[in-house]
Amino acid sequence: MEGLISGEVILFYVFAAAALVAAVGVISMRNPMYSAICLLACFVAVAVLFLLRHAEFLGVVQLFVYGGGIMVLFLFVIMLVNFSQLKEVDLYVGHSRAAALLVLVMASFFVALLVGVDLGPAFTEPLAFLSVEGEVMGNSQAVAWSLYRDYLLPFEIASIFLLVAMIGAVVLGREH
Amino acid sequence: MKEFVWLIPLIPLVGAFLNGVVLRNRLSRPQVGWLAVTAVGLACVLSIAAVASYMGSPEHHEHTSFEVELYDWVPAGDLEVASEEGALRDFSVSLGFMLDPLSSVMILFVTFVGTLIHIYSIGYMAHEDGFQRYFTYLNLFMGAMLTLILGNNYLVMFVGWEGVGFCSYLLIGFYYQEEFPPYAGRKAFIVNRIGDLGFMVGLLALVSNFGSLRYSELFATVAANIELAESDYVLGMSVVGFITLCLFIGAAGKSAQIPLFVWLPDAMAGPTPVSALIHAATMVTAGVYMLARSNVLFQLAGGTSQLVAIIGCATALMAATIALAQTDIKKVLAYSTVSQLGYMFLACGVGAYVAAIFHVFTHAFFKALLFLGSGSVIHAMGGEQDMRQMGGLRKFMPVTYKTFLVGTIAIAGIPPLAGFFSKDEILAETFLGGHYILWIVGLITAGLTALYMFRAVYLTFHGGFRGTAEQRNHLHESPTLMTMPLVVLAVGAVIAGLFGIPEGMLFNAVEGSNLFHHFLEPVIAELPGHGEHGHLSLGVEWILILVSVAVAVFGILAAWRNYGGPVGLGHGEEWARRFPGIHRVLVNKYSVDEFYDATVVRGTWGLARQLFRFDGAVIDGIVMMVRHVTVGVALLSGFFDKYVVDGLVNLVAWVLNRFSRMLRKVQSGLVSQYALVVVVGVLMLVFAAVILRSQ
Amino acid sequence: MFDWLADTHILSIVAYIPLVGAIFIIAFVRGSDAVRVRNIATGVAFVDFLVSLPLWFSFDPDGELFQFRESHEWISAIGVRYEFGIDGISLLMVLLTTLLGVLAILSSWTAVKERQKEYYVFLLLLQTGMLGVFMAMDFFLFYVFWEVMLVPMYFLIGIWGGPRKLYAAIKFFLYTLAGSVVMLLGILALFFFNQDGLLGHQGMGNEASFSILQFHEIGAQIPAGLQFWIFLAFFVSFAIKVPMFPFHTWLPDAHVEAPTAGSVILAGVLLKMGTYGFVRFSLPILPDATWQLLPWMAGLSIVGIVYGGLVAMAQKDMKKLVAYSSVSHLGFVMLGLFALNGPGVNGSILQMINHGLSTGALFLLVGIIYERRHTRMISEYGGISKKMPVFATYFLIITMASIGLPTLNGFVGEFTILVGVFNRSWVWATFGALGIVLGAAYMLWMYQRVFFGPMDNPDNESLEDMNRREVLYILPLVILCFWIGLYPKPFFRILEKPVDYVVARVNGDSVAATAALPGSVAPTAPPVALAEVEE
Amino acid sequence: MTEITTNHYMVVSFLLFSIGILGVMTRRNLIVVLMSIELILNAVNINLISFSYQHSDLTGQIFAIFTICVAAGEAAVGLGILLALYRLRHSTEIDRAVELEG
Amino acid sequence: MAGMSPQDFLLLGPEILLAALGLILLLWGALADKGAGNRACSTFAFLSLVVTMIYVTVQHMSLEGPTRILADSFILDGFSFVWKIMVLLAVALTVLLSQRFVEDGGYRPGEYYSLLLYAATGMMFMASGFNLISIWISLELMALSSYIMAGYFKRELKSNEAALKYFVLGALSSGVMLYGMSLLYGGTGSIQLEGIASAIAAAESPSLLVVMGWVLLVVGLLFKVAAVPFHVWAPDVYVGAPTPVTAFLAVASKTASFAILVRILYQGLPGLRVDWQIILAAVAVVTMVWGNLAALTQDNVKRLLAYSSIAHAGYVLVGVLALNEIGLWAVVYYLLAYGFITMGTFGTVILLERKSYAGETCEDYAGLASRSPFLAAMMLVFMLALTGIPPTGGFVGKFYLFAAAIQAGWTWVAVIGVLMSAVSLYYYFRIVVFMYQKETTETTPEPLREPALAGAIILCFVLTLVLGLYPAPFIEFAKTALLPLP
């Protein structure tokens, strides 16, 4: 038990750190290609964090959609526009120092606050993630069930949303 | 007949309306003139009839007045009145007229003299343009003057009061094409307005204390509430004290007393008949009429009466001395008018209201006569007014000379002509009142009067002609239209005095046979403990008479000694040389106008130089002061408007504008900066919310 | 006579005839056909005047306080009603408006040359707006007209005005708008106090209403603190309109730039709305605040009187001079109002009319020579009474009217006011009277400089005298001046009841006040102790 | 330290969130800005997941799914705009687009 | 148990219908070779919006009382009805305004109009959304469509820049909002408005998560309604975007966002009203002041209107924070009036526009009164209405808003509001000055002849006046939006 717990702890710290480092990498790489790679790393790390919170389905979705779809989209665009143009002379806009300072202050302030928040005992009934109307099946089934039953409406709206996104991409991306 | 008293002022107004509006430019000159004369003449006849019927009426015997009220004029509304312990009283003024001895006397001589002067004017103005305008104004004036006299309450009097002021404004400025007359007119009007301000305040005080302006009602209330009347009011004065002071200011303005007399001499800029009618016979005496009318109040206000007496006396002396040094014949007469008005005020001051009115009465005749005479002289001299250019005119215009002489004797106070009785009565009353200093001053003034009047006569009619040859050829006696009124007035000047021979004198031994006194008795209220008069013993009266006559004769002799005979100007110059200081002072009229300016200099910053540049001879006294102070202040406040009041507004606008540009700076166009702004906003809100919750 | 009018929609008819006329002109008359536009506009205004005349005859001075009332649902959600009705005060204002409307249009026949269609349309719209203001018995309705009327005025100044018209117009609009929006808040405060109260003050619990009479009823119960703020809110708006010192600076600009007709309406009617507001709302609704602020009001009025007079003295431009004289005269009116007694209020209302007549006439007259010489600089003239005797005469009469020469209207008003004011404080009255002297000074000075003296400016040689049309639109005013000067009784008669009502209200004597209102309940307000407010 | 609580996740997510925001505020290259936005959405997801774990309630996970889908959509449109920008200016630097200001 | 059932589908009818019509339009536009005509498509879009409007009304009539379906994620009540009608009206007017632009740009009408329809669908869902997920995703739907439309004018740098800015900042703000939602969920354990409300009520004091959560959530909405300091995108986007889209952003999207704001604040966070009233008061004041002052010195009409729309958001916020009945229907009434006025104004702008961005500086309006008096007159009325001068809807709306503030005791906010609206006169009348008091120059464009557009403007004009002169029925309409107040 001990080992397992500590193992979880270790995993958390490792991947949390990885995610943050990768994120920093994203916004600090000169070459957008590298940024993209960092972004991918970040996605993966976050996926692991999901798994650690018993969101197996979400973890996988995260890997596929982000790591697969969105990543590809980015890379594709990066390919489309020619590289030499993307080599920025300087990475940041004028006020970046001020912004950085601001963010630093904000982060330290709120982190301090958030650490202090007491949410009480967590994950009191583990079965809620696995069971559908009482009988245990598995996370995917549970998610699917509630998604297609309780959250059908958002789901439909989401479909329209994606349609619009498609139109948008076409309209905006189309050559003249 | 008396029921139609309201027609008396109306008829001249109708005349004015016809001449001025309906038949404008549709009549020949004679038609215009005679239309006007008829209007006034009718008024004259009507007033005689009215007075006659009044004297036959019960009111007269019951010593009350006869009143006609046409309609409610100003129903102002409910008001808290002191005399009724602040109870609400519906205050309202009606347009009403009244006949009583005082108004009767006034209208009689006003209409009479007025008619004569109208007739005279036809001749005098024959060659002027604006003929119809002239007569319109003249009729208008008569209407206003009669309203003033006949009104049965102070407000109607005020109407006439303002009306005559307005007409004199028009008539002084009759020659509007020139620079000076309009200016003089405005000066007259505004100085009068200052007086009227006092008058108005007085009326207001009357209203809020006694709740009425109608003489009969008002004086009754006053007599009934004497303790209220004498109770303390504002500025440490009693109620009546305050009221009478205000009224006196008004009167002083209208009757050209110190300190408001400066406008009258300038008023001579108008046509001479106008000077005769308005600035000698009628309008200027309105002040005296008002005082006499308010005798109830003044009797209660001892202090003010004192003031009136002193001011009057001072004015008399001052004007007389100034007259000594004047070389313009009309100016001489003008100052003599001021001086005579001083006498009248003196009379009122010492409580001799009847005497005052009597002097008004006689003065109307001889002063009008003198003015018309001078007018005919000026006419003959082709507009020349400087006596140094005249001389020896008696050969050329005998009628004018004789009548003028009569007038002069009358004003000099030589019995038995009109001036003697009235002036002597005033002096007697003064003496009787125990005001010996005033009496002496009055006496001296009497002498001076004789002196400067005869000086004028000698310089004008005696000696050799000093004018240009071309003037000499032009000399002639005036037409009958002008001489006829002279004669009539001369007769008046001779006999007018006989109405008021002191009782027990000469063939006049019967008790109460002093017609004038006897007639005016009821107007002067007897108030317990106020203004009671003893009686002079016949002996003292004789002595006084002799003294004053002597003084007058001395004055005449002095005039003869210096100006009479062949000497001409000689001795006059002599005097001037001997006492240059005095002479200059007199010539400069005590520099009163300059004095007013000096106060201005102190009063208004920075305008000093500009003021000094004004021609010393015709510096425009008060009006200039008013004008400069106000223009100064006005400019100041103009700046205030531009730079402070508006300045603030513009400042706000400017600030807003700056702000706007500042805010636009935030919109730099750089999206990252926008993001920054958003984030900062978010942070501020979150902090705010957290802090709100933390306490 | 005309009693049958009582139950017609006569007021609405009077109010909307100009509007209908305007719409007609917009719709059916070509702008190019200027003469036609002009004639129709004149006709409409004249008809409106004729229709409004019967009001004068059928108005019953002893009848109800407000007559010819009409009342309909409008915005029931907040109890706003479309409610018209006039008492004596409004009646006089309405007649003044319709009369000046005709004259103003007559005066612009030749003066206005371009964009005539729009010009007359705006004039007519303005007419409707002003009439509505004086007729409205619902505060919301009042406010609507109050603001509507700004727009056409803005254009009259801003399009047909002088060189600085843009500045003057927007200044006029901004000033008045800023004032009225603040008033809006005051109205709302009243509205909510009438219901459940606001800002912690217990309300009256009545159902929602904007009825002015309703507000009069509850006025006395409003706590002094609240009254104070509401009074200030109203004050800003009305004082700007009057205009009282120091809110007056929009006036000279507006007057100088506005075309003649504009100035006439502005001086004749618009300014009266401020004083009307005071007498209709501030005094009766907010008695305590009125007494509390009395010294300030009187002080400002006196400053206005003297100040206006002095500044007028310094002006070189006739219109500006007259404009500042208006500041002085309206200071007089305000002083009379705040005497808070019969004669004072009586006089000041009468003086509102007088000022409308005489100043309106003055602007018309100035307009006449401006049209001939295209300058208003006094220095440009001099001795012109030789060329234009008739004009000089009319000008003289009007001048005398405005400086209060007896037998002319100005005097009656001033005297009555002074009687009232003197009763409140002799010092105020003396200052007021001082104003009269000043008035004489600057008016006569101007008159002399323009009409007397040698005619040295050759341009004036060619001036010709007033023509028939010009006489036609001056004469009525002159006649009215004499009428009010000689026989003002009918006016006082009409004012008697409303004035008593206002005075009673402001003196906290609600019983006497409600006696004037049949069927209304007397609120039990403690009468204001005069002693404590005297100092 | 021995046990991982929701607070840990909140902290991680908030840091990720801050980094994303910083990226949006500072980077000049539009592509990287878009990536930063993705970071923000990821931070949100971490929150949602950890909270759903906290409350042992699936809703959070569902919400996360929608977040991901929206992220995809936005990425698509964002990249479309980027392409258009690139066509017009032959650059993807956002501070080139400052036509509009004031 | 909230499952999916046929009548639920019926209740979703209007939205589904509109989405379907959108799809049809899209396919029609795409498949018909060379594309269907602009006129045809716009007419189709317009009609489908009208039909939906009718459907919504009928549905509202047939329902009694609020109805919820799909696990309380979707609610039908008076509030949603009123707001759906308003947004549909706005979009319909936008369609009329758009014809010209699609014509000139030579775009595929199918795509453009279907985007509008989808945006409309999103807004309808927003009006009915009752849990955070559906609210957020529908908001995103609307936002995404508007990003695209803002960048529609692709050949123009400005348009593209507008899209870019709108997208980046929009994504940022929606990220922030989403983060807020997640915190709220963490703090209350529910994403359903009532659940949140009851959780907050249960806790004796809200946890940090809740506090941060609601602020971030509200910030996202304040961004959409362009309240200071989250307005930064508005001026640039309004100027850069094609004018019809600008009108859409200024009216439709703003209105819909207010719908959510009110819904969440009144039904989700009543327990925190003390907090959000104060914060909104601050934001409202800053917004009114900033918007009006910044507009004072603008020469570009679209930018001027952008700032003015910022200021108007401030006014509406005053009504929102008053949290009383008058306030609520004042908000509805004002948004209604504001919608017509703004649509009319932008319509006029379009009439003066050419393919480029002409017709945007005040100079282009010089002497309009003499060239086309009626258009000028209508523009005048719109300006008066924006200033809030009777007899226009703008006045009545403002009147109610400030009345609400006074009743709720927010007097100082009201004072600032009225003073600012007086200030606003100055810049609105700059346009009037040009129209009426300046002379035409040879560069000033002649207004176009556009029946549809003219019709739209006249409609807006008439309604502006009617709203000002006979508000009663509209107030009744607004009152159906009343929510149960805490």
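All chains are identified by letter, namely A, B, C, D and E, in their written order; residue positions are counted from 1 within each chain.
As a working rule, contacts are C-beta pairs under 8 Å (C-beta built on N, C-alpha and C of every residue); 3 or more make two chains touch, one makes a residue touch a chain.
Predicted, not measured: the structure shown is a model, and the values here were computed from it.
Undergrad: Along touching chains only, what is the step distance from chain C to chain E?
TA: Minimum number of steps from chain C to chain E: 1.
Undergrad: Among the other chains, which touch chain B and chain D together?
TA: Looking at chain D and chain B together, the chains touching each of them are A, E.
Undergrad: Using C-alpha centroids, which chain lies at the maximum separation from chain D?
TA: B
Undergrad: A-D versus A-E: which has more C-beta pairs touching?
TA: Between A-E and A-D, the larger count of C-beta pairs in contact belongs to A-D.
Undergrad: Just grab the chain with the largest centre-to-centre distance to chain E, centres being mean Cα coordinates.
TA: Here the answer is chain B, farthest from chain E.
Undergrad: Can you work out the whole-Å distance between the CA centroids of chain C and chain D?
TA: Measuring from centre to centre gives 65 Å for this pair.
Undergrad: Determine the centre-to-centre distance between chain B and chain E, using the mean Cα coordinates as centres, and give it in whole Å.
TA: Spacing between the chain centres: roughly 79 Å.
Undergrad: Approximately how many whole Å separate the CA-defined centres of chain D and chain E?
TA: 26
Undergrad: What whole-Å value do you get for the distance between chain A and chain B if each is reduced to the mean of its CA atoms?
TA: 105
Undergrad: Residues of chain A that touch two or more other chains: which are they?
TA: Chain A, residues with two or more chain partners: 93, 95, 99, 106, 110, 113-114, 117, 119, 150-151, 154, 158, 161, 164-165, 168, 170-172.
Undergrad: Which residues belonging to chain D are in contact with no fewer than two other chains?
TA: Chain D, residues with two or more chain partners: 6, 10, 20-21, 24-28, 50, 54, 57, 59, 62, 66, 70, 73-74, 77, 80-81, 84, 94-95, 97-102.
Undergrad: Which positions in chain B are in touch with at least two other chains?
TA: In chain B, the residues touching two or more other chains are 664, 667, 669-672, 675-676, 679-680, 690.
Undergrad: By the document's touch rule, what are all the touching chain pairs in this structure?
TA: A-B, A-D, A-E, B-C, B-D, B-E, C-E, D-E
Undergrad: So in the complex, which bits of chain B are touching chain E?
TA: Interface residues on the chain B side: 656-657, 659-661, 663-664, 666-667, 669, 671, 674-675, 677-678, 680-682, 684-686, 688-690, 692-693.
Undergrad: Which residues of chain E touch chain D once you look at their complex with the stated criterion?
TA: Of all residues in chain E, those touching chain D are 132-133, 136-137, 140, 144, 147-148, 151, 154, 157-158, 160-165, 167-168, 171-172, 175-176, 178-179, 181-183, 185-186, 189-191, 235-236, 239-240, 298, 303.
Undergrad: Mind pulling up the chain D residues that touch chain A in the complex?
TA: My answer: residues 1-12, 14-16, 18-23, 25-29, 31-32, 34-36, 38-39, 42, 45-46, 49-50, 52-54, 56-59, 61-62, 64-66, 68-77, 79-84, 86-87, 90-93, 95.
Undergrad: List the residues on chain E that touch chain B in their complex, please.
TA: Contacts found on chain E: 164-165, 168-169, 172-173, 176, 205-206, 208, 211-212, 214-216, 218-219, 223, 228-230, 232-233, 235-236, 274-275, 278-279, 282-283, 290, 293-297, 423.
Undergrad: For a test of understanding, state which residues of chain A touch chain B in their complex under the given definition.
TA: Listed in rising order, the residues of chain A that touch chain B are 93, 95, 98-99, 102, 106, 113.
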